[in-house]
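Here it is, the structure, as C-alpha cells.
Naming follows writing order (A, B and C), and every chain is counted from residue 1.
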Amino acid sequence: MIRARTVGWLGLAALTLGFGFLYAPIVLLVLYSFNASRLVTVWGGFSPRWYGALLHNEAFGAAALTSLEVAAMSATLSLVLGAFAGFSMARFARFPGRLVFGFALLAPLVVPEVILGLSLLLLFVMCQNWFGWPGRGMLTITIAHATFGVCFVSVLVRSQLAGFDRALEEAALDLGARPWTVLMRITLPGISPALVSGWLLAFTLSLDDLVIASFVTGPSATTLPMAVFSRVRLGVSPEVNALATLFLAFVFMLVALAGWLMARAERRRRIT
Amino acid sequence: MALLEIAGASKRFSAKTAVDEVSLSVERGAFFALLGPSGCGKTTLLRMIAGFERPDSGRVVIDGADVTGLPPYARPVNMMFQSYALFPHMDVAANIAFGLRQERMDRRHIAARVEEMLALVQMEDYARRRPHELSGGQRQRVALARALARMPKLLLLDEPLAALDRKLRAATRLELIRIQERVGITFLVVTHDQEEALSMATCVGIMDRGRLMQTGAPAEIYERPASRFVAGFVGEVNLFEGELTAGFNCLALAVTGLHEPIPLPSGTGLPEGTAAALAVRPEKLVLSHAPLVGFAIAATVSSIGYLGGGSIIHLATPQGWVLKAYLPGTAAGSLGRGTPVWATWPPQEGVVLTQ
Amino acid sequence: MTGLGRIGRLMLIGVPFVWLTLFFLLPLLIVVKISLAESSIGIPPYTPLFATDGGGLKLHATLANFALIAGDDLYLRAYLGSLGNAALTTAFCLVIGYPVAHAIARSQGARRQLLLFLVVLPFWTSFLIRVYAWIAILEPNGLLNQSLMALGLIAAPLPLLNNQFSVQLGLVYSYLPFMILPLYGSLSGLDQSLVEAAADLGARPLRIFLGVILPLTLPGIAAGSLLVLIPAIGEFVIPDLLGGPDTLMIGKVLWDEFFNNRDWPVAAAVAVVLVAALAIPVLAAQRFLEREHAA
C-alpha cells in the first residue's frame, strides 16, 4: 500500500487541473441556469425564471416521468437478474456454458451503444413481424436497459461475494438454518452494499441513456435524454441548463445516499 | 456408549489424503483435544464431524445415530469457529438467538435462553451491541454462547485460543473448563498448541499427516508416548536411536557412539536385535559434576535458558548430540557455559519406542 | 453452496443466461442475418433470409452490403477516423489521468475517499448534459471565446466547436473517469517499499517512475485503456453534438445509415464489421479478468 505521504506540489497541480477540467463545465451550467439573460455570455442577474419555465414545459415533464418509470423498472429487473448472474459466476466454478455466460456478462459493457441499440431494435422488429408483439415503447426500452444493467449489477455482486466470509454461511448452517434461510438472512444482507449500489447504478444508467432508447423506442415513449437531445441539437437553451442543474442535484443526493448506506454497512462488516 | 464414534473415516482432496482411516471415540462429558501440526488433517476431521465435509469412506456416529450423510443443520452438533463468524448485521442477542429461531422455539423461551447464555459467558450488558463494537475476547464469548444456545450434544471448537494474546489465553482456558463443567456438554477442541491441549483436555488425540497417532489422557500422552512423532511433538524430548541388546541384568539399547548400552526400563518385552528408540524427557535427566557409578553420558553445557520457574539446559556431547535437561528453581545456578557435566536418569523414566 | 438444490442452481444460472441469450446474443445474430439481406421497401425494410419459392426453401443471402462497405471509402475512413480518435483519446486520458490517479493514491483517509467520490460523481451525472455543457463554452459566442476576446488575446472568435478539436475534447472529457479509476486501483495497490528500495539503491525519480512504478501499474493502464478505447470507437453522441461535417466516426455513420438512409442491411453490415474488429480486445479483456479473479 502506498504509505501516507504528502501529495507534493506536482500532485496538487495535477489534482487542481484534473478536477478543474472535470468540473468546470458542470459548474458553469449550474451558474448559467440562474442567469436571467438568455445569452450565455451576458450575465443578466440572478434569476430562477428558467426553473419556472421548465416546470411549465409539458414535453419535458412527460419525458421525465417516462424516464423515471423506465429507470425504476429496469433497475429492479437488472438487480434480480444481475444478482442471480453474479451469484452464479462467484459460486459455481464450473458449469456448461460458463465461458459464453461470462462473455455475455462482459461484452455489453464495452460494445458500442449504437450496436446494442441496433441489434435490439432488429430483434423487436422481427418479433413484431412473427408474433405481432411487442409494440415498441416503454416495454422495449425497459428490456433494453435491463439487459445492460444486468452486466453492471453482476460485476458488483460478484466482486462483493468474492470478499464475503463463507464462514458466516457455515455458521448459519451449523446453527440449524436451511440453505434457503442462509441465503435470505445471511448472504443477501451481507452483500447489501452491492445490491443497493447496483440498483442505483442501473437506475442512473437507464435515466441517462440516449442512444439505445432512441433505437428501441416507439412513437408513444419519449425519454428525458431524447427530449433534451432534440432540443440541444438546436443549440444552447437556458431551460436545459435548469434541467441539467436539477438533474445534477438529484443524482448527487442519490449518490450521497448510496455512499452513506454503503459506509454504514462497511463499518458493520469491518471486523479486523 | 461413547458420545462420538468415528469409524475408519477418510477424505482425499485431489492428490492429497487429508484424513487417513481415522477411528476415534469420545466419551460423554469429556473435554477432548485434537492436537497436531498444521496440515495434519485435524480441521478436516472437525469439519467432517460438523457436516461441512463428507468422508469418502467411514462413518460418524453421534449418540448412537449415524450422521455421516446428514447436512450440518440436521446434526446435534454446534461449532465455535476460529474466526468467530458472528453475523455482522445482527446484535449480540440476535446472534445468540439465531440457532434457537431455527428450532422454532417460542419467543419467550428464546429470550430466557439468550439471557441464560449471556450470563454464562458474562456478557449480560452487551446484548444490544454489534460485533464490530466488541473486542476480540468479547466476540469469542459471544461465539461460544451462540454455539451453546441450542444445547448440542457435542460442541466443536476450532482453535479457540489462537487469536488471543497470552494472558487472555490463560484466563480463557480456565473459562472454557468452567463452562464445560457447568453445562456438562462434550467438548471437542482442535488445536496446534500443545500447551492448550494438555492443560484443558481430559483426553487428547494426536494427529499427523492424516493419521491418528495416539489417544489418551494428557499425562499418559506426555509420559508414555507411543511413537517418535508423539514424543517429539509434545514437549521436549531426548531421543536415542539404537538396537536392543543384552545389558547388565536387563535389556539395553546399543547406540552408536556410546561405549555402554543404555539400560532400558524393566518390562520391555521385545527381542534382542530389534531397532528401537528411547525417549527421555528433559526433567528426568539428573546432572552431576562428578562421574557417576553406572550409566552416564559426558557432556558440556552449551546454553542455559532461564524460564522463571526453572531452566532449560542444552548439553553438547562428544558424539555431536544436543541433550536437553530441565532443572527447577535456581538449581542451574551452579552451571555455566562450558561446564563439564555427567547426565543420567533412572532407567524406568525412559520410554521405549518402536514406531 | 451446500445444497441449494439442482433446481435452485438451474434457476440462478438459467434465468439470466436465457435473458442475455435472448436479448444480447440473439440480437447480434440477427444483425449478422440482416447484414446478408437486401434493402427493400416495406416493413420491415429488408428481405427475409429464407423464402418459400415454389419448390422449397431458398436462401436469400447476399454479400452485397459488405461489398458496398469495402468499396466505398467513406466507411473505411470512418473506421480509421474512429480508431484514430479513440486512440488519441486514450493517450490523452492516460497522460492527464495518470498524475491525477497518482495524486489521489498518495492522499490519505477521508481526503482520498472524497477525491474518489469526486472522480466518480461526473460519471453518475448525465453524460448528455456534460457534453452539452461544452457547447456553451466552445461556441463562437461561448464563454471561452468571449473571455479570450475580453482579455484581448484574440481579435475574432476561434472555431472551437464542430470540428476535430471539440470532438477530441468531448471524448477526453467524458472518458477521463474511466481511465482514472483503474489507474488508481493499480497505484493504490503499489507497494511503496519497492519505490523506497529503488531510491535506496540510488535510482533517480524519473528512473524510479519508468523502471518501477510504470511497469507495476501496467494492469491498471491496460484496463483503463480498454475501458476507454473500445467504447470510444463506437461513440455517437459526442461526434453528433460537438462534431462538424468533416467529423467521420463510425457510430455516427451507423446511425445515419439507419435513421436517415433507412438502409438497414448496410447499417447491419457496418455493425458486423465493427463488432468483429472489437471482438478480439473484448475476448482479451475477459481472459485478463478471469486471470485476475483466479489470482
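The definition used in the following text is that contacts are C-beta pairs under 8 Å (C-beta built on N, C-alpha and C of every residue); 3 or more make two chains touch, one makes a residue touch a chain.
Keep in mind it's a predicted model, so treat the numbers as computed, not measured.
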- Can you figure out the chain closest to the middle, judged by Cα centres? A
- Which chains, taken as a pair, are joined by the highest number of C-beta contacts? A-C
- Task: Starting from the Cα centroid of chain A, hunt down the chain whose centroid lies farthest away.
- Result: B
- What is the distance, in whole Å, between the centres of chain A and chain C, each centre taken as the mean of its C-alpha atoms? 17
- Task: Determine the centre-to-centre distance between chain A and chain B, using the mean Cα coordinates as centres, and give it in whole Å.
- Result: 56
- Any idea how many Å lie between the Cα centroids of chain B and chain C? 61
- Query: What parts of chain B, by residue number, touch at least two of the other chains?
  - Reply: 52, 71-72
- So which stretches of chain A touch two or more other chains? 173
- Overlap residues in chain C, where contacts from two or more other chains coincide: 2-3
- Message: Help me check something: in the complex, which residues belonging to chain C touch chain A?
- Response: 1-5, 8-9, 11-13, 15-17, 19-21, 23-28, 30-31, 34, 44, 96-97, 99-100, 102-109, 115, 117-122, 124-130, 132-137, 139, 141-143, 146, 173, 176-177, 180, 187-192, 226-227, 230-231, 233-237, 240-241, 251, 254-255, 258, 264, 267-268, 271, 274-275, 278, 281-283, 285-286, 289-290, 293
- Residue set of chain A touching chain C in the complex reads 1-8, 10-12, 14-15, 17-19, 21-26, 28-29, 32, 39-41, 81-82, 84-85, 87-88, 91-92, 95, 97, 100-108, 110-116, 118-120, 122-123, 125-126, 129, 143-144, 146-147, 150, 154, 162, 169, 173, 179-180, 183, 204, 207-208, 210-211, 215, 225, 228-229, 232-233, 235-236, 240-241, 243-244, 247-248, 251-252, 254-255, 259
- Listed in rising order, the residues of chain B that touch chain A in the complex are 50-52, 71-73, 77-79, 81, 83, 85-89, 98-99, 102-103, 130-132, 139, 146-147, 150
- Within the complex, chain B is touched by chain A residues 165, 167-168, 170-178, 181, 186, 189-190, 192, 265, 267-271
